[in-house]
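In what comes next, chain A is part of two complexes: it sits with chain B in the first one and with chain C in the second one.
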Partner chain A sequence: MTQATVATRTEAARKKGQKRLQHSGLPWILPAMILVVGLIYYSVGYTGYLSTLDWNGTSPTVKHVGAANFVQLLHDKVIRQALWHTLIFYVVTFTVQTTLGFTLAALLHSKLKLRTLHKVIIFVPTVLAPATMGPTFRLMFSADDGIINKGLRAIGLDSLAHPWLADPKTALPSIMVVTIWQWTGMTFILFFAAMSQIEPELLEAARLDGAGNLRTLWYVVWPGCRGTTIALAILGLIGALKTFDWPWLITVGGPGRATEFLGTNIYREAIREYHLGYGAAVSLVLLVLAVCGSILMTVVNRRSTK
Partner chain B sequence: MFEARRLSSKIFLQALLFVLTVPFLLPLIQMVMGSLRGAGFGNYKAVWNTGVVPTFFRNSAIVAVCSIALVYCVTMTAAFGFAKLRIAGKEIYFWMLLAALTLPEVVLLAPLFATTMKLGVHNTLVAVILPLAALQAPFTILLARNFYEGVPSELLEAGRIDGAGVVQIFWHIVLPLTRPIAAAIIVLTLINAWNSYLLPLVMLISPENQVVTLLPQFFVSEFANDQTKVLASAVITAIPEVLAYLLLQKYFERGLAAGALK
Partner chain C sequence: MKSTGFKKTMVAGIAVLGLVAVTACSGGKDGGDSSGDSGSDAVAPAGTDAEASIIWWGWTPGPPATDHYIEAFNAVYPNIKVEWKQLDIDGYNAAIAPALGTDTVDVYEMSAGSANGGAEVYGVNAFDLTADVEAALGADWKDKLSPLGVDYMTVDGRLVSLSAGAVYAGNLWINEDLFNQYGLTPPKTYDEWKSVCATFKENGVGCFVQGANQGAFNIDTYHELVEQVSPGAFDKALAKEVAWTDDVFLQAMNNWKALFDDGIMQEGAAGLMQYPEANNLFLQQKYAMVMMGTWYTMNVQPEAMITAMESAGVSNPVPFTIAPIDFPDMVGKGNTGIMFGDADYGVGVSLKSKNAAASKAFALFLGTSEEGQQAVADSLNLIPALAGITPNWDNIELVNDSQKQTVQDLFAHANEATSPRFGNINADMNDALMMALSNVATGTATPEKALAELQSQAESVG
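Let's look at the complex of A and B:
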């Protein structure tokens, strides 16, 4: 079929489709538009206005400070730290989750015993609320009572026992471990679904050519899951930028600011310290990063699928 | 994916799976063990006897049901409009929704805090429900529109010839066809509403208005940081979630997986 005929056909189909339901759809999308535009666009616009203020949110005195909040932001060491934490956090959690999720998905596609039980165990953390698990993790990583240090001592590795959350060096890695615990289930489910789509003939052919398990995985299965990996990379980046629950629940951004993220910083500034203007300015930075992140990833995605 | 012909490699793969899965259980073991230290089941009794647990659960249920209802209504109507009806500048509206897809909720904190204070709805459940629904809707609309595009227009045409109005077509023909996608939308919204922590943390101040995600924090002050009772309260909150997942496994996995791919 030539391109012209395709064009006329779709044109005809479009016209036909239009003829079918001539009713205006505007009233149908109106409730959704009111909800989303009224709340989100309003809030984003209001954030822009707030970012030029020095205001605590309730007092009648509102001071206009122009770009002062943004100037302060540029010199704020905590923001730079938070950005750095976000980057390391993203790279590490994405790499580990992808490796683990992919391996587990491949294992559960093999003929092994108790597959459903394993699947449930891996996926349960995804369903549980971080807020519910927060106290457990504070205990788990604690110096004396935690299951980790107790276990290390039990097998004679006393020297490795450590106050994980009190040491700035191990606090951020601990938060990463918890995040990986929670999200590997999701990574796993997506890879599991992607692997079901790979044609058995391809695997069969690889085996006939004498490829072993690892070779088949690397040359057939892994490329077959490419779309999923890219989707997970986007998801992980946005997730890293959004990070709030775990660091706030487990370490409150500390010790010092060792686990501070943009999210915890905005909450601390805007709500805890009543610096609404400064919190709004940091929010705008986060918003711009999130938008840039998703555009960048979409572009990469388009290019790689071409 | 792995093929094991020899017994030794079969055992190796089974062991590998076991070793990789056990760490996922450790926090749950720690939670239950920690909650039973000291007074044992007395910890659970102490938590239950405070009498506040049902209140927190009731509030979470209200938040979940209202956000689901709101998200479901706006999603189903909007997706129908976008997929099957005539709208001038349709794609512009659609892009306006898509732009909100990756918005981190923390960005809304400062303006929502100031606005709810001004309107006097701070410390009410509405202040949590509306933002939750607004953050959820763009994605569910995208999901539902893709699904609606697959509904053959001939079906709607048949309805029109039979003299049905557009509302009747929507109600009697379209809605029954969209049950699979509705299930995903409901489960996704349920989990996000039930597990949401940041918005309740900012909006809900007094304990009689708080939701289950704020329960551990409430007991930290109630029991002067007695970890065993805090953990007992965490177990009580976790049990319904785990049960719901076990009963609706397929829907949870599908709903969350669909939600992940935004």
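Let's look at the complex of A and C:
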């Protein structure tokens, strides 16, 4: 038996072993697979079926309308508004959260006192439930006696006091502020963890090359956090598309449709106005946008790293 | 061997999992009363002696009124325990829809038209109570009940819900104590209203509060403004007999806009909800006037007022005197005090209820019995559905004795109403009206543009 033959047999045996391992792994993942396929994909499929109906969700009379809901969706001004709000919301919240999260993470990697306390303070908003904080923010933004207007008046800036949630121009920015307040903590933690993975030698080398703090951050730390930034960008996009809780709890999508998102529109159409089929059609659009957006970002990221 | 045994175990496990899933899925279908609703399958409600426990879901009126209704019911049916579950008015649809697929709820509230819990939508999940009502009230039962309740709670020939009573809107409520404190009389004209508001503001008190981010109440206000210009025009527009772009609606829309521009509406009104915020601000006595209908009458009773004030965050509440007034005349034609109303809520019995007999007993008690309707009347929350029932003033404690006359006048006034509140407004028109009013209020659209869009919507909804 030649050495080559032995090697080939060993390789074949290894592959066989791998195959056996793959086979024997199937039963382990099968229950989860059944649940995933059964619940998630069935739900997606059923939503697809619902999107072809004109149905209020309870009536025994179900009218099949084919693609009519999607055609209506294309001409729906409110959907266009919701998509525009989503885009602005995504760009602003992602940019601000990333900037704040990155800066705070960098600061807390320095020799700052009470670092743990700072970390907790920054992260706490992430774990607070919007349902409990929604009424608080409504009170804070209140035109009459909200703490924001009171504070502005107290320091002599009466002219800046404003009915924040009643003005369509400031209602959406108010929602963005709340979202940034909540999610900056998560961005910070992820950047903090990513920065911990950067080799100290790299930073040391940058120092030896004469780079100052800002240059080191920009040329060494920031590129080192690229993967985290891309992950946050994808999560942010999906989050923006799914946005529901804050606009619903704080402004109910209003005034008018000033803070309408796809999520609030789905709820309004399917539950409040009894257009379950149309709501399902909007849900599918949301799903497609989320999947396409994530794929696009991943592809762009891969190409740019090559 | 081990591998085979393991595989068998896995297959068995998966089979069990599948069986559990199938059983769970089918359980929902067969779990409740499987008798279906034939329309004549009345489960005899009378003589329900067996012990039973039922759950009643609704958004109104809440304690203490619901406590009194249950107390009155238990005086007749001591063996049936009723549990009230209060839901948020805005979240009612989202909660009730899945609940009706299970036996979680026995008795549930429905409303007329497009409002939350609309009978048109959720009536399909309820028993037809026609035979039960006929058994309780006789063949002429329709003559004994308010037509508002019967007409709007009958869907496809099935009486899906029994109206407890009606509510009417179009009026305002004032804090009489604050008016007296500043020597003011309730405004009858728009100029008087502006003057009253100026005085309140000079004294650091808010004048009029409305949660204009909760559209249903905006529709009430606009409906009243249209009535002031041309009585009956609002119904004609809904019936498509006249276009929303007609001058009548433009004039009313300009008046709606004026309420914001002239500072009658509080700053930030377009971002405020009627419930809880505007209601809370009025009950905290931060504002002297609020746009509410006859359902607010219950607050003339100290017990209800204290409960409401506590819910509004007032510590150590001391009840104050409230009084209904006509919406001030903004047009000068003298068309004031026109009210419009619907059956506020009706109680239906879920087809999935495991206690259908007890549930029907409760629905019939509340909607058709003298005892139940008297409890409703005495709560001053609704104008009872059963003919001839009026509040028993000997049993009603008031914050101020003067309120007896004002409430009697209000109810007499309301009974003259001929126009429905939401009964003729479907969900699409409801949304279109809310959008038009909100856009004008925030300056996003001119009255002309908003009405043109409203008309376009009205044409498209068919």
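Basically, the second predicted complex is superposed on the first by the 282 of 306 C-alpha atoms of A that agree within 3 Å, B and C clash if a C-alpha of one lies under 4 Å from a C-alpha of the other, contacts with A are read in each partner's own complex, and residues count from 1 in each chain.
As a convention for this text, contacts are C-beta pairs under 8 Å (C-beta built on N, C-alpha and C of every residue); 3 or more make two chains touch, one makes a residue touch a chain.
Quick caveat, the model's predicted, so the values are computed rather than measured.
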Scan A:V120 for contacts with chain B and chain C and give back first, second, both or neither.
first
(request) Using the superposition on chain A described above, determine whether A:G256 touches chain B (first), chain C (second), both, or neither. (result) second
State whether A:D144 touches chain B only (first), chain C only (second), both chains, or neither.
-> second
Chosen between chain B and chain C, the partner touching more chain A residues is B
Mind working out whether A:P163 is in touch with chain B, chain C, both or neither, as first, second, both or neither?
second
Requested in this report: For A:R272, decide between first (touching chain B), second (touching chain C), both and neither.
Outcome: second
Contacts for A:L286 in the overlay, against chain B (first) and chain C (second): which applies, first, second, both or neither? first
| query | In the superposed arrangement, does A:P60 touch chain B (first), chain C (second), both or neither? | reply | second
(request) Please work out whether A:I40 is in contact with chain B alone, chain C alone, both, or neither, and reply first, second, both or neither. (result) first
In the overlaid three-chain picture, which partner chain does A:R207 touch, first (chain B) or second (chain C), both, or neither? first
Shared chain A footprint, chain B vs chain C, residue numbers 24, 27, 31, 38, 57-58, 267, 271
The chain B residues in contact with chain A across the complex are 1-4, 13-14, 16-17, 20-21, 23-31, 33-34, 70, 73-75, 77-78, 80-82, 84-88, 90, 93, 96-97, 99-115, 117, 130-131, 133-135, 137-138, 141, 153, 156-157, 160, 166, 169, 191, 194-195, 197-198, 201-202, 212-217, 220, 227, 230-231, 234, 237-238, 241-242, 244-246, 249, 252-253, 256-257, 260-262
Residue set of chain A touching chain C in the complex reads 24, 27, 30-31, 34, 38, 56-60, 138, 141-144, 163-168, 171, 251-252, 254-258, 267-268, 271-275
Residue set of chain C touching chain A in the complex reads 3, 6-7, 10, 13-14, 17-18, 21, 90, 93-94, 97, 100, 116, 118, 121-122, 124-125, 206, 212-214, 266-273, 277, 281, 286, 427-428, 430-431, 435, 438-439, 441-442, 444
Per the touch rule above, chain A residues touching chain B in the complex are 17-18, 20-29, 31-33, 35-44, 46-47, 50, 55, 57-58, 100, 103-113, 118, 120-137, 139-140, 145-147, 181, 184-186, 189-190, 193, 195, 203, 207, 213, 216-217, 221, 231-232, 235, 238, 241-242, 244-245, 249, 262-263, 266-267, 270-271, 276, 279-280, 283-284, 286-287, 290-291, 293-294
